[in-house]
Amino acid sequence: MPTILDIRHVSKFFGGLAANSDVSFSVEQGMIMGLIGPNGAGKTTLFNCITGFYPPSRGDVLFKGVRTNGLQPNQMCHLGMVRTWQKVRPLAKMSVLDNVMVGALARTTRLEVAREVATAQLEVVRLAHKAGAIAGGLPIGERKKLEVARALATRPALLLLDEVMGGLNPAESEEIIQLILELKRSGLTQMVIEHDMKAIMRISDRIVVLNSGEKLAEGEPQQIVNDKAVVAAYLGEEVA
Amino acid sequence: MLRIDKLNFSYGDLKVLWDVDLEVRDREIVTVVGANGAGKSTILKNVSRLVRPSSGALRFGDVDLRRLASHEVVELGVVHVPEGRRIFPEMTVLENLRMGSFPRATRQDRARNIERAFTLFPRLKERQKQLGGTMSGGEQQMLAIARGLMGNPKLLLLDEPSLGLSPLLVKNIFEIIREINRQGTTILLVEQNVYQSLRLASRAYVLETGRVVLSGTGAELLDNAHVKKAFLGM
Amino acid sequence: MSKLLASALAALAIALPDAGQAQVKIGFINSITGPEAPIGENLTNGVDLAVEDLRKKGVNVTVVRQDDTGKPQVAMSAMEQLATGDEVAVVVGPYTSASSNAVAKLAQQYKVPQIVPAAAKEEITRQGYTYVYRLNAPAHQYAQSLIDAALAFGKPRSIAFVYESTDFGTSVTAAGKAYAKAKGLRIVADETYQKGAPDYRSTLTKIKAAGPDLVFMVSYVADAILLMRQSREVGLKPQAFLGGGAGFDTAQFESERDISTHVFSVTQWTPESSPASQEFERRYRARFGKKPTYHAACAYVATLVAGETAAKAGGDRRKIQAALGSGRWSGILGDVKFETYEGFTNQNKLVMPVIQYQGGRSVTVFPPAVVKAKPVYPFPGWR
Amino acid sequence: MVAFAQSVPGAVLILGGGVPALAGTELGPRMMVFLQSVLSGVLVGGVYALIGIGLTMIFGVMRVTNFAHGELVMLGMYLTWGLFHWLRLDPFLSIVLVAPALFLWGAFLQRAFVNRVLDALPQNQILLTIGLGLVMSNGVMLAFTSDYRILTTSYSSASYDLAGISVSKPLLYAFLVTVAITVLLYGFLLRTDTGQAIRATAQDREAAQLMGINVRWTSMLAFGIGAALAGAAGALISPTYYIFPQVGSAFTLKAFVIVVLGGMGSVVGATLGGVIIGLTESLAAVYIAGGLKDLVVFVLFLALLVFKPSGLLGKTRA
Amino acid sequence: MNRRPPPVLRPRGVAALELVLFAAAVIALWCVPVFVKKPYVLHMGVILFLAVIQGQAWNVVGGYAGQYSVGHAAYFGVGAYTTMMLLELHHIAPWWGLGAAIANGVLLSLIIGTITFRLRGPYFVLASISMAEILRYAFLYYKDLTRGAEGFLLSEIPTLHLFGQEFEFVTKRPFYFVTLGLAAITIVANHLVQHSKLGYYFQAIREDQDAASSLGIGLTLYKSVALAISAAFTALSGGIYAMFVKFIAPDLVFGIDVSVQFVLICIIGGIGTIYGPVIGAMVLVPLSEVLRNPRGLVQVGLASPDSSFVQFVEAHLSNAHLLVYGVLVVVVILFAPDGVLGLLRRAGARLRRRREAQGEAGAAGA
C-alpha cells in the first residue's frame, strides 16, 4: 500500500514548551491509524500540525507526497484532508443539512449538488431524519455523527477523527465504531485519536503512542498492549 | 467526613457522571482512578462547587454542600488543588501562598503555614520572590499543593498532582502527599498514575465512563485484573 | 421626574389656541442646544424682546422655534418643516454659518424669505439668492476691522492664526489671511484645531515659538476661554490678541477677567453705540439679568424687520421678499438696508466696531468715529 | 491579566529617551517647543493613564470590553462640575466624593447589567456597554442639555515657570493626584488581601474561587474601581477641559488605544500607554498638525494591532 | 397518540407565499405616493428605505458572516463624498457618481479588510472603529481636497433622461421611488446571496471560524467578499443620502453614531435574517423621528398640534432619540438577543405549541 501521510521529525514548541518533539511515522492508504497517549501527550497538537492549524516548528508533513508545511486548513481540505474536533464544533445556528452542505460545497458551487451529497452523507451516518433540525440543539451523540458527516461531505482522502467517541454511551460508541469500519471498507484512510482503549484496539490497524510529546511506541494493537513502556505510561511505573 | 450519594452530572447534554457514590472518612487517603475522560476531575469540581450537579447529595460532615458557593466550601476547610496546577502566573510564590490563606479564619495562621510550606517544599523557599508563571512544572505543582495547604484544609482534594512530572518528581510528590496525610489532613486524590496512587490509598474507587465500577482498599485493587483491563482495553 | 410631569400638565394648559386675529407666523431656527447654545440663548432673548415690541405695535406674531443643535443637516430639515409644514411667512436664523448657508439654499428653493441675523460665512449672500437677506457683516469684515485696528494702534509685522475647523472658523480665517497678506503682514502660523479635544498647549507653544506680533483666534464659546487660558499658561505674549467675534464676544468670556482683559474682539454691535442701544441694553439686563451681545441685538432687529414686513405684506412670501428688498429700517443697528454690491446680494452694510476688554467690560476702541475708550496696545503681559 | 512587574517604569524614562536626540544644541526656541510639548504630553498622559488603568482593571478581571468607559469619565466631569457649581467645592477636593459615587455606580452597572452577559458573545458585551454609554450620555444631555460647561477656578489658567517652560498648575495638580492615586492603587493591588484577590481573579478566575475568593464580589469591586478611576480622571481634567454630554466617546476610544498599547489587562502597561498617547498627541500637534493629532494616535493604534497585537508589555492574547 | 413529526425542510409553498407577500408589500409601497401627497410622509419613507438598505448591507458582514464592524461609517462616508465631490467639483451626474461611490466603497473595504480581518473579537471592533475615525479626521483636516468641516452643500441635481423621460430630483417623490426600488433590490440581492454558496460560507464563518477553515473555507477571501458586498451597498446608501439630504460633512457621515446606528438596525430587528433589518428600520426610524420632531405626527395627521403628547415630547424629549436607542439596545441584548424577529418567532412557536397541545387534548377528549 502506498503512503498517504508522512510525518517526518515534527516538533511543535509553544514558548519553550515542546508539545511535540521529533515525531515521525507514516500512514498508508486505506488503513486506520490509532493515536493514543495520556492527557497532555500532544495528540491534538499533532492533529493541528497535520491539518494546517499550526505550522510545525520543525520537521515536515507530507500529504500524498507533497510537503504541506505552512498551508492553511482550507487548503488542506481541498487537498483531501479533513478533521473532526474533540470538542464538537457544529455550526450551531444552521440546520443539520446546512452543516453538511457547507462541507459538500468544498467540491461544488451548486447548491443542488451539495444538497444531494449532504443528504447522502446524512444517510451514511444515519442522521437523515434530523436533516431539518438546528445543529446546536442535537444531543451529543448526534452532534458527533454530524461532525463526521460534514467532514465526509468534503470527499476526503484522509479523515482525522479526534475523540469521536468521547462522551458517548456504549450503544452510540458501537454505532460509531461500525461507521468507522464501514468507511474503511469503502477505502477511506483514517487517523483516530481515542481514549476508549477497547474501541481503539478493535479498529486500528496500527497504533502510535505519544507520551509527553514524544513518540513512545508504534505497532499493531497487540504489540502496543504488551509494550512495557506503554503500560508504564498508562499505569505509572512499577516501583520496586 | 465527605459523603457523595447518587451524584449525576452533565455538561450541557453530555452526561459525565452516573449515580456516583463515594465516601471519604476522617484521616483517610481515598483515591479515584480511571482513564482520561472517565469523570474523575468532575467529581472534585462538584465537591468544590465549581459546577452544579444534576442530582445527588453532597455532604461534608453535617453540611449540605449543595447550598454553598465555592468560596464558602473553602471556608469550611475543603480545599481543591485543581488539575494543571492553576497557580497565579503573574504573582510571586509568596503571593500565591498568601492567596491560599484568603479566608479570614486562616489568615492568623498565615506565617506558620508559610513556614510549614517551606519545610515541606524547601525549593519554594529559595524561589519565594519568583513569579509563578516562570517556574518549572514540578515547582508549580509543589506550589499548588503548598497553596492548598495554606487554607488549613480538613479535606484536601488533589487532582492529578503527578501529571506531566518526571518519574523522580512523581515519587517525591507522592511521598509528600503521604506526609501531609500523616500530619492530619484527609485526602481525596484523583490520579492517572494507577500503581503509585493505589499503593498510597487507604481505599480507592475505579471510575469507568462516569460510573464507579470497582471499589475497595488500595491493595485489593492493585491485584485486581479488571483494573489493568479498564486502562488498556485488554 | 415630577418636574417633567408638571410641565406636561402645564403644556396641556397652554395648548389653547389664540382665536380670532390674523397672525404673522415667523420661523426661527437657532442653536438652542449644542456647543453653540450659550450664544444661541442670546439670539432667543433678542427674538423674545422683538416679539414683545411687535405685539405692542399691534403685530400679533407667532414664532415657530426650531432647534438645529448647531448642525446644518438638522437646520435643513427644520427649514423644510417650516416651509412646507408650518407654512411660516419668513424665517429668522439659523445662528451658525454652516447652518445658515445650508438653510439659505432651501429658502431660495422653497421661496421663503430668510433673514440671517448673525452668520459670518461670506458665501451666504454671494450666491445670488433672492430670498436670503443678511443683517450682519460678513466674515471679511471681522478680519479687516481687527487688522485695521491693530495697524492703527501699532506696527505689527507678523500674524498667527488659530481657529476651529468649522465653517465659521475657516471662512473668517480665509478672509483674514487674504487681508493680512494685502496689508504686508507675515503669516507665521496657521493652525486649526478640532472641537472636543481642548488641549491646545502644544499648538500654542508652537505659535509662541514663532513669535507673532498678532495672534488671531476664531472660535465659539468654550474654546475661546480655553484658548486664552492656555495662552496664559504657556506665556504667549504677542502685541495683541485678536478674537474674531463669536466666542470672544460673549458675557461668559467677558466674565473671565483673568484671561479676557486686553483681548480685542470685533462685534456687530455695542450697547454704547446709540441711546436706543443703551435703552435696549437696559431692558435686556432688566429682563435677562445679563448684558446683551451683538447676537441678541442682531436677532432682535432681524425679528422686528421680519415681523413688520410680514404684517404689512399679509403673510405673503412673495410680497415679503419684495418688501425686504426695497425697505429701509432704522434702529439699534443703525440704518438697515439690504443692498447688492461687490458680489453680495441682499447684504446689509454694517460697520463692525472693534472692542477691547478693559477692567472686566468691553469698550469700543475702533473705528475712530465710534471710539469710547483708548485701546491698551501693545498687550502689557499677563498678570 | 492585571500584570505587575516589580518595577514601575516612570515617565522619566521616556523623557530620558526623547531628549538626547537634540542633545548638544543649546536650549533654542525649537528645543523649548520640544520640551514644552513633551511636558504637556506627559502631564495630560498621566490623566489618560488613569482612565486606561480603570478600563484595564475591568477587562482584566471580567474580560468585558467596556465601551461605556468614556461615559463614566463624563459622569465624573459632570459631578465635579455640579459640586463646583452648586457647592463651590474645589474640583480636586471633589474627588473624594466623585470617586466613591462612581464606584457605587460602576458596581451597580456590573451587578445589574454586565454580570448578565459575562458568558455571552463578546460582541453582545460590546453592544450592551455601547447601549449603556448611550443611555448615560443622553440621559445627562436630557438633564443638563448639550451646552458646553466650563469650570473656572482661581488656578484655571495659572502656571509655574520652569526654566522658560510653563507648567500648567491645574494639569500639574491633576498629574500629581494621578500619581498618588496610581501609587495607592498599586499598593492596594500588591499589598492587601483584597487587592491580591482581584489580581488572582484576573489571572485565573476558577483557581481564585478555589482559594475561597468570592469572584462575583471581586468582579463588582473591579468594575467599581474601574469606574471610580474613570470618575476621578474626569474630576481631574474638569478644570482644564470643557464638559458636554458627548465628551465621553473620545475618551472611550482613547482608553482602548491606551489599554491595547500597554497590553490588555496590564496595569503597568496602561500607565505607560497613557503617557505614550499623551506624548504622541502633543508631539503630533506640534510636528505634524494640530488637526491631525487624533489621526496619528489611531494610525499608531492600528499599526500596533497589526504588528504587535499583544501590546508593548502583553505576552499572549488568547 | 400522534408523535410529533420530525422537523422538515421548509416546503416550497412557504417560499412562494413569502415571494408573493414581498411583491405585494413593494407594490403597495410603490402606490403610496399616489394617495399621500404630504412631502413629510415621503421624506420618512426615504429615510426608512435608506435604513433598510443600510441594515441589509451591515447584515451581510455583521449578521451573516459574524464580523461585527462598528466602522461602517467609513463606507457610508466615502460613498457620500464620492458622489457629492464628483457632482460638485466635476459636474458628474450622481447616477455615475453612485457607481463610483460603490467602486470606492469596495476598494476601501479591501484595504480595511486586509488590516482588520487578522483580528478577532473586541480587537476587530476597535480596529473597524479606528478606520472610520481616521477617515473622519483626514476628511476634516485635508480641507483643500474635502473642504473640511465646511462640508459640501449640494447645488443642483441634473435632470435624468431615461427611456425618453425626464426625471427631476427636486421633490421627495423621485427619491421615494429610487430608495424603495433599491431597498427591494437590496433585499432580493441579499436573499440570493444567502441562498448561494457564499451565504452558506458566510454563516459557517460566523458560527465557527476554525471549523469553517477545516471544511475548506478560505477565511480571508470570504470575509473580504462579505465586506465588499456590504461596503458596496453602504456606499450606495451614502451617495443617495448625500443627494437627498443635500449636505454632508465629515462629522455627519463618518461619525461613530452612524456606524452604531447601522448595527442597531440589525440588532433590534434580528441579526442574520433577511427581514430583521426591515423590522429594525421600522422600529428605529419612526421612533427617532417622533422623538426628534413630534410635529411630524401632526403633519401626518396622527396627532393634533395641541396634543399634550406632542408638546411634552417637544419640550423634554426632543433630543432623546439616542437615549431611547440606548435603552432599546440594553433591553434587546439582555432580554431578546435575537431581536424583535426572534421574539416574534419565539412567541409564534409558543402559540403553535399551545394550539397543538389543545388539538391533542381535543382529540383525546373525542
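Labels for the chains are A, B, C, D and E, by order of writing; each one numbers its residues from 1.
In this section, a contact is a pair of C-beta atoms (placed from the backbone, for glycine too) under 8 Å apart; a residue touches a chain by one contact, two chains touch by 3 or more.
Please read these numbers as outputs of a predicted model, since none were measured by experiment.
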Give the chains in contact with both subunit B and subunit D, ordered by label. none
Counting only C-alpha atoms to place each centre, which chain is farthest from subunit A? C
Which of the two pairs, D-E or C-E, is linked by more C-beta contacts? D-E
Let me have the rounded angstrom distance from the C-alpha centre of subunit C over to the C-alpha centre of subunit E, please. 39
Separation of the C-alpha centres, subunit C versus subunit D, in whole Å, is 38
Between subunit A and subunit B, what's the gap in Å when you average each chain's C-alpha atoms? 32
So how far apart, in whole Å, are subunit B and subunit E when each is placed at the average of its C-alpha atoms? 55
Two or more other chains in contact with one residue: find those residues in subunit B. none
Residue numbers in subunit D touching 2 or more other chains? 141, 146, 289, 291, 294
Kindly provide every pair of chains that touch. A-B, A-E, B-D, C-D, C-E, D-E
Applying the document's contact rule, which stretches of subunit C touch subunit D when the two form their complex? 33-35, 37-38, 69, 165, 191-194, 196-203, 205-206, 208-209, 211, 221-223, 225-226, 228-230, 232-235, 252, 256, 258-259
Under the stated contact criterion, what part of subunit E meets subunit C in this complex? 39-40, 43, 137, 140-141, 143, 148-151, 153-155, 170, 245-247, 249, 252, 293, 295-296, 298-299, 306-308, 311-312, 315-316, 318-319
Name, in rising order, each residue of subunit C that touches subunit E in their complex. 4, 7-8, 11-12, 14-17, 33, 67, 69, 71-73, 76-77, 80-81, 84-86, 98, 101-102, 105, 109, 165-167, 169-171, 192, 194
Per the touch rule above, subunit D residues touching subunit B in the complex are 1-4, 193, 196-197, 199-200, 203-204, 206-215
What does subunit D use to touch subunit E in their complex? 65, 113, 116-117, 120, 122-124, 126-128, 130-139, 141-142, 146, 249, 253, 256, 260, 289, 291-292, 294-295, 298-299, 301-302, 305-306, 309, 317
